[in-house]
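Here chain A shows up in two complexes: once beside chain B, once beside chain C.
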Partner chain A sequence: MKVAILGMGSVGKGVASVLSSKDLGVMVTGVADSRSGLIDPDGINIGALLATKRSTGLCGSAGITAMDVVRGAPYDILIEVTPTDAVSGEPALTHIRTALTMGRHVVTSNKGPIVHALHALRSLAASKGTSIRYEATVAGAIPIMHTLADGLAGNEVLALYGVLNGTCNYILTRMAAEGLTYEQALLEAREMGYAEADPTYDVKGIDAAIKLVILANTIWGTSSCLKDVEVRGIDLVTLDALQLAEDQGCTIRLIAEADPSNRILRVSPRILRSRHPLVTEGTLNAITLVTDLAGEITLMGKGAGSVETASAIIGDLLAIRSRYGRCD
Partner chain B sequence: MKVAILGMGSVGKGVASVLSSKDLGVMVTGVADSRSGLIDPDGINIGALLATKRSTGLCGSAGITAMDVVRGAPYDILIEVTPTDAVSGEPALTHIRTALTMGRHVVTSNKGPIVHALHALRSLAASKGTSIRYEATVAGAIPIMHTLADGLAGNEVLALYGVLNGTCNYILTRMAAEGLTYEQALLEAREMGYAEADPTYDVKGIDAAIKLVILANTIWGTSSCLKDVEVRGIDLVTLDALQLAEDQGCTIRLIAEADPSNRILRVSPRILRSRHPLVTEGTLNAITLVTDLAGEITLMGKGAGSVETASAIIGDLLAIRSRYGRCD
Partner chain C sequence: MKLEMRDAPGQLVAALKPISDLGGNIIAVIHQRDPGSRSEVLGVQIVLDLPQDRLSDLTDLIRSQGVNILRVNEERLLCTRAVIMIGHLIHTDLGGTVDAIDRTGFAEVTGLTIRMPAIDQRSSARFTIRSVNREHMEDAIAILRTVAREKGLLMIEPMGVSQ
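Entry: the complex of A and B
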């Protein structure tokens, strides 16, 4: 199986490392970041690639673009792991459309194209006899898409509730555990590398809302978008409110909820009892699926991280091989 | 897709009900319980079958045995959901061997054959180009086998920890929440239908140990058996010990653990902090997989129940159809 990787940030490097350290029978024939690219039909030496990236910041020649790799490298699956642009979905959207049109499979961690164009991309893939998978867009290492498609096959999902943003969960956990104010906990999250310099996207609930839209559209085939989500972040959660909850055996978490029968699509801070399945600690994510047969199933795990996200990408690669490789 | 169902207890009735209420394209051509059987190549009317079972206790003619159904009904997949005999695995083991030898797939909730003969049955299935799936043997509705095979594909599982017995978890939850003694909580569990008249199998940790063996052999390809597990039950957990743990922000749970690098295969009551992911309430089950890429992934859900177990069976049926139906 041959793959091309677009994006050589944390996730791209994680995927490359795993492919070079595990013998999964996957050859990388193309890579590109925003400034350079490399194509080798005989297989790129990943160790050398990562060393070059570390020392020069480039992954190949400055004359080769991501689109050159999409169009020119010999691959079965495009791994699109460039940074998310939630507004336009570009340039990932164009990369993905081009690869699908060429009859290639796509695996992505990029939320932009999926939140904007999931159904269009799926239709395009279906028309070409190919597929697009995006396990890594939601909840990092948690195999939620696999669980929805395979593990709970035959079930109807009635509603879902989730802790989908590790930064917010870290801040709330630290406020409760150490009596920090929101500002103090945010500062600590930045120092730990869990929050961006501009944390708006996370603390205002926007990141969680995007993931909620992706999950809801996947499960119910809807075409919801970000503006359909009622969003409140954690930036107005006071230490007083949190301590009051803790005194009563409860705590506060930023919960994303989708409950179509009650027309709810919402991200907001909620009071939960301390032993509620969604009360996870630190940067962990958690998702509860309410189903007609299996009842409530909760999955919990790391929501971010280079190798953790690579785990989701690799899972998608292997799923494509097992489903499409068989009848070739 | 045609199926035959052996066993018309809680699980068998649950499977039959789900197959009749959901349009999954599955036809039932044979059923049997311990006293009767029915074969109809044109498809059995499930509503009528369940009504007959309710009124007469039989599911068909007393002259038709389970083996008659295994040998004579036209089915693609045998659903073996007779009660577990943990000592011999019989009669399920013979039913399953016969069906696999005839080139049929098997889906089972029966722990007996799987704990005794997993690898032999898998080899037999492979030699016939068929398959055996047993999602329902461990942790009820939690899709743990799907997660191991598909969701976390590419990962190496390093260790696992689980709450695998709902009866014990219910007793410990009630002791902690209400200050009941072990004996009082056990009595309550019996009244609620969560514990058998003879609760030995559950409270001594044997049921959890059997499930642990099934998980460990599945993950690591080992051939462990029940006597390889160090087992301690919850019957010696005192209310005093539990309250002491609770006073320190902890609680006690019956934890099954497999950690091959430390040669651990054990079921025992363990003290966990209250917000530990495995601290679930009531009859819930939970499993944490420690992996090399995804880190720790925890799944939580109902460990028993007619429809919940049916969910696992249905998931296996659909997985077989999607994997073997494609190239026919």
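Entry: the complex of A and C
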């Protein structure tokens, strides 16, 4: 099976190094970053690729663009791991549409195209006999999409609750554990590399809301968008409030909630018993699904990280291989 | 619940002890000496807070003490939730916020703890709300949600009123 990888950042490098260190029968024939690209039908040497990227900042030749790789490399599956643009979904949307139109499968960790155009991309894929999978867009390593599609296949999902943003969870955990103010905990999250220089997307609940929309549209076939979500972040949560919750054996977490029968789609800080299954520590994510047959199922795991996110992408690659046959 | 017991020493204790043994919380004990009733029988009304699943254990235990239970009124079982509000609580008429719940008639604010840092900084308050049942609790929280939005306060709701 041959793949092309667009994006050589944290996730792209994680995928490449796992594919080279594990014998999964997957060959990389094309790669691109923002300024260069590389195509080799016989398979790219990953060790050399990562070394070049590290020393020059480029993964290939400056004359080769991501679209050149999409159109010209011989691959079965396109791995789209460029940065998320939540407003337009681009340039990933164009990369993905082009690959699907060419009859190739797509696996992505990029939330932009999925939050915008999930159903359109799925029908495009269906019309071409291919597929698009996006396990890595929500809750990193947690196999939520596989669980929904396979393990819980005969269930009706009635509602879902999730801790979908590791940065917010880290900040709240540290405020509660160490008595830090919001500002101090945010600073610490930045130093640890858990928060971006501009943390707005995370702390205002927007990132969690995007993931909630992806989950809801996947589960219920809806076409919700970001503006349908009632969003409150954690940026106004005080240490006093956390202590008031703790006085009663509770704590505060940013919870994403979808409950279609009550028309609820919201992200907000909530009071939970300290031993509630969704009270996870640090950057851990968790999702509870409320279903008609299985009852409540809670999954917990790492929501981000290079190799952790690669785990979700590789799960999708191998699922496509077992479903569509060994494409080589 | 309404209990009937002999007016003898130890009877009231016998009726109340199982409540705390089962992790319940006694909210009120009301003695009613009904003039028309037999003088040696004392009517006592107990308002208590107890997990739903322990109720039958409790009535069994009380009966085994020889106390007669006249009526168990589940409407009396109160639902309690805490809600946290953050913002300029005092300057946005805290009393009015409390009133919005109290005047419903089906729910009331039974506890209020405020933490105020320096003046003109946002304060945080925990409102303890009681209602006779879950539907009323949901209604009370919905009212507070509207008040919070109008006053520009951040309201932190409990996770699932039914949990």
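By definition in this document, the second predicted complex is superposed on the first by the 325 of 328 C-alpha atoms of A that agree within 3 Å, B and C clash if a C-alpha of one lies under 4 Å from a C-alpha of the other, contacts with A are read in each partner's own complex, and residues count from 1 in each chain.
Simple rule for what comes next: contacts are C-beta pairs under 8 Å (C-beta built on N, C-alpha and C of every residue); 3 or more make two chains touch, one makes a residue touch a chain.
None of these values were measured; they are calculated from a predicted model.
Once chain A of one complex is fitted onto chain A of the other, the partner contacts of A:132 are absent, as it touches neither chain B nor chain C. In the superposition on chain A, A:281 makes contact with chain B only, while chain C stays out of contact range. After overlaying the two complexes on the shared chain, residue contacts for A:175 are found with neither chain B nor chain C. In the superposed pair of complexes, A:16 makes contact with neither chain B nor chain C. Counted by residues of chain A touched, the larger count belongs to B, out of chain B and chain C.
Within chain A, not a single residue is touched by chain B in the first complex and by chain C in the second.
The touching residues of chain C, counted against chain A in their complex, run 82-84, 86-87, 113, 115, 117, 122-126, 154, 156-159.
Of all residues in chain A, only 161, 232, 236-238, 240-241, 243-245, 247-248, 250, 252, 255, 268-273, 276, 278 touch chain C in the complex they form. Here chain B touches chain A in the complex through residues 18, 22, 24, 141-143, 146-147, 150-155, 274-275, 277, 279-281, 291, 293-302, 305, 307-308, 310-312, 314-315, 317-319, 322-323, 326-327, going by the rule given at the top.
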